[in-house]
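Common to both upcoming complexes is subunit A, partnered first by subunit B, then by subunit C.
Coming up: the complex of A and B.
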């Protein structure tokens, strides 16, 4: 077989895999324009009726708003805690700091449903089920690994002598952190923030367990909608979510492209 | 009337450092650095020179002993409070700042006003001949320029002491030589005290007022470059600074500062003995390759031996001969390329010799 041929086959396979990965997510886009009254592809013509229904539905708006602020606040928490943790581990760089870093990644490694069950048990005792602080805290903790990972990756590229140089030139630990370390890991912090945000934005399982009656984030309202009735508005919301996520991800990509290479 | 002995700027008093509790990285160190001096800590890697500098900077704490700067015990003073300028081998410039911001950094952490900061940064930039480079990023500069920025950053806040940790190690040879002179001239112009770490003996000799030679955690000798070269106190120093012919011998008798020693091949040699060794003890007789007399000149010298030329290498400024002598074939002679210098051919039998004061008997 000639080489050109082989490359063609590999390329075709690669595109198939890529399509298999990405395309199912986009199936909701035509469904959102369906003219039927249930979740299905457009039957005779495309219609905007479900988009109109979505735009005039307060429940969905409340959910968007709820998802948005929970994601923002828990991202903030995850960024601050995760960045400090990563920098601390980097500075200490001992056997123990390696263990701490591994422990920080646990929320990502443990199956979410197991994790959610554990949090639920704890929150029942603490009376935090259905509370804002409870959800924000859970999302902060589960968003933490993303920040720790990306900031640690950024730190790995920093010359440890930069800190020595700063201290040697008279900077206190705080000044060194503020003027030298943090500015050099900003790309890592932003990437981590974006991932932590997306994580909270589409997190479902934990919210199902601890959301109680007060918290219907966007994913949870979709889930309930699918269970109760097959309202095509769900496809509209899903399309919106995909668009929003793509937007955030491309911001992350653009950020990475701009990162100066030394 | 006796003038009071000036307090040295830096004093290591019985300093010992061990990282793991078993091996000493530095042991029993007593060393003084005079005001306005350029002192180089010279030694192979693992000799303790960098550890010594790191302790002076404050990044490491001595296991034992005290360090004084300007008469003040700084052993427990944190790095940022010592007011010492530091230049690193890999420059350690902050990539998130411009050149000017890098240089301004030590002023910024000290809360210097904006106007004063600008004028000092400008002055520092022109001192290292980088006027107009203030707005560049460090990554846009060449290695030599980056190192100049690092130097400017270390001296902009007018510290009493500047430490340089192998600052020229990453540069190519030509640039390194040029930077050596630039650093030397800066030192002379600014009247600042500099402590410099290197493993390059030429660098040490070029720039230093005094050189401190380290090996295996111990300070072997501190002296002016010329005296270190001409009067090494140990075989290590003789071998580390420049080239040496070292002939194993046994002390027969000694008399004040000189001795008679027998070579393994039987000949007896008269040599200078800086550190007294008892008769019967093993020493090395050390002669610099450029001090060897050949042919007629050798016949008039008190130490005269037969040899055969094994190899002749012309190096431009000098010619290097490898001789078979004293039962080995690695005796080196260097001849300067001067007018009327004889030429030699391999295989020639020749007399070699040296003056007694050019040969030193040194213990291992």
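Coming up: the complex of A and C.
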């Protein structure tokens, strides 16, 4: 027998904790249909008033577009630079490239507030506060770890003889990269892209500091809304964000299911 | 793409090429990440004047000390509760059959993916005085007045445990999966009671998992901003929010960067210590 027993009480308690983990976020769905003017479950009937308020509000729409395009551009940057970096570290495989790979996960380990202070100071000097390029670069560099980690994991599965064979048959380094290595790590690249995208899409603290007056991404506008007045419209936005995240996540799961190797 | 003549067959790729493609990411990391962090460090010992005056505030300023104590207390409580609940879940996951296991893992990973901001907002809505939790308790007649569950430490603790629990479960589960259950069976067959076998055989074997999960949750809790700021309603000031207030409201850069530096160095030191006992890169999903 490979498993051990857990008593019914332990199992029941574990499922309660799992419910505590999985369910609370979905409370925003019924709350978004409330017929009250404050945050509560629908009282007498379900109402679309807050959804209508959301759909007719230009500010929320602008925020969605800002968040979307910032996430797309910074994901692209993180994917290109991160993939090249992972491949370079994999091939160079020396003590130094190992150090580079470790340094790349720093943005995941250092508390964001520390980075927010630093990048804000730098951007004040460079006059980049409230600029699109400033936010895109900040999100790109903090999105790098996700790509480097997932692509490195894919590279670890590649048979090094594949590359030797291509080189032996006369392919240049660039050709080998383009036709042999990159196609083999596509699943890793796509997973990294999804993580980097969600990272930028959800990022709040850095944008609060460097967004200036021009950039109110979706998380920042939600943050201001929660601090100001707790309007049920925020529950509508939160519902939308959960749906969108689940959509992106199922794309990742589908991708993983289609991955050829174990 | 280079032509064939540039790279005749037999030319061994120098590592130079590989360092060339590492460069864009490395340059970005250095210029846009490490330089700003270094600037925070430098500012903490130069603003308003050079010296360690800012760091003396750690020992002399009562408001700084109050924030540090609040941070440590909430991080410790969060760690304790997350370990306790996480242990039960990981233990149950180990014992479950594989289809149950998959559903359990899904429940653990799902909140990971929903943004902390959205989850904190959901907790505010759930726990507020007119929210469903209080409404339910009053409808059942368990309480007459709404309980103050949010904008205080209770709310912060609930929200933090919710964010940290998946880390605890995953680390503990990874550790428990490596334990040979035949050891427990052997203890049972030698006459140990169920509880004795757990306490004297299984529990000691999960110590590395408990240490790893505990350290990880504790250090991640130290730097939390969004959850305590929203669920504490400005009344429960943890270090990250305190730093933001220093910069945004009072423009005390010296104090703000000093606390940020202290936070960063504590977290990195703890991670380094942890990396000596287990593979830290795994914790970040490698």
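What we mean here is this: the second predicted complex is superposed on the first by the 247 of 262 C-alpha atoms of A that agree within 3 Å, B and C clash if a C-alpha of one lies under 4 Å from a C-alpha of the other, contacts with A are read in each partner's own complex, and residues count from 1 in each chain.
The rule we apply is simple: a contact is a pair of C-beta atoms (placed from the backbone, for glycine too) under 8 Å apart; a residue touches a chain by one contact, two chains touch by 3 or more.
Model, not experiment: these values are computed from the prediction.
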After lining up the shared chain so the two structures overlap, which partner does A:152 touch, if you call subunit B first and subunit C second: first, second, both or neither? second
Once chain A of both complexes is superposed, is A:39 in touch with subunit B (first), subunit C (second), both, or neither? second
Figure out whether A:255 sits in contact with subunit B (first) or subunit C (second), or with both, or with neither. neither
Classify the contacts of A:53 with the two partner chains as first (subunit B alone), second (subunit C alone), both, or neither. neither
Give one of first, second, both or neither to describe whether A:72 is in contact with subunit B, with subunit C, with both, or with none. neither
Please work out whether A:179 is in contact with subunit B alone, subunit C alone, both, or neither, and reply first, second, both or neither. first
Applying the document's definition of touch, where does A:132 land relative to subunit B and subunit C: first, second, both, or neither? neither
Hey, is it subunit B or subunit C that touches more of subunit A? C
By the touch definition at the top of the document, which applies to A:81: first (subunit B), second (subunit C), both, or neither? second
In the overlay, answer first, second, both or neither for which of subunit B and subunit C A:162 touches. first
Subunit A residues touched by both subunit B and subunit C? 167-168, 170, 172, 175
Over in the complex, which subunit B residues touch subunit A? Could you list them? 57-59, 79-81, 83-86, 88, 90, 92-96, 105-106, 108-110, 137, 139, 153-154, 157, 163
Given the complex, residues on subunit A that touch subunit B span 159, 161-162, 164-172, 175, 179-180, 183-184, 260, 262
Residues on subunit C engaged by subunit A in the complex (per definition of touch): 1-4, 6-7, 9, 13, 15, 17-22, 24-26, 28-29, 32-40, 43, 85, 88-89, 91-97, 104, 106-108, 110-111, 113-126, 128, 130-132, 135, 162, 165-166, 181, 184-185, 222-223, 225-226, 230, 240, 243-244, 247, 256-257, 260-261, 263-264, 267-268, 271, 281, 284-286
Sort out for me which residues of subunit A touch subunit C in the complex. 1-6, 10-11, 13-15, 17-22, 24-28, 31, 38-41, 80-82, 84-85, 87-89, 91-92, 94, 97, 100, 102-122, 137-138, 140-142, 144-145, 148-149, 152-153, 167-168, 170, 172-175, 177-178, 198, 201-202, 204-205, 208-209, 219, 222-223, 226-227, 230, 234-235, 238, 241-242, 245-246, 249
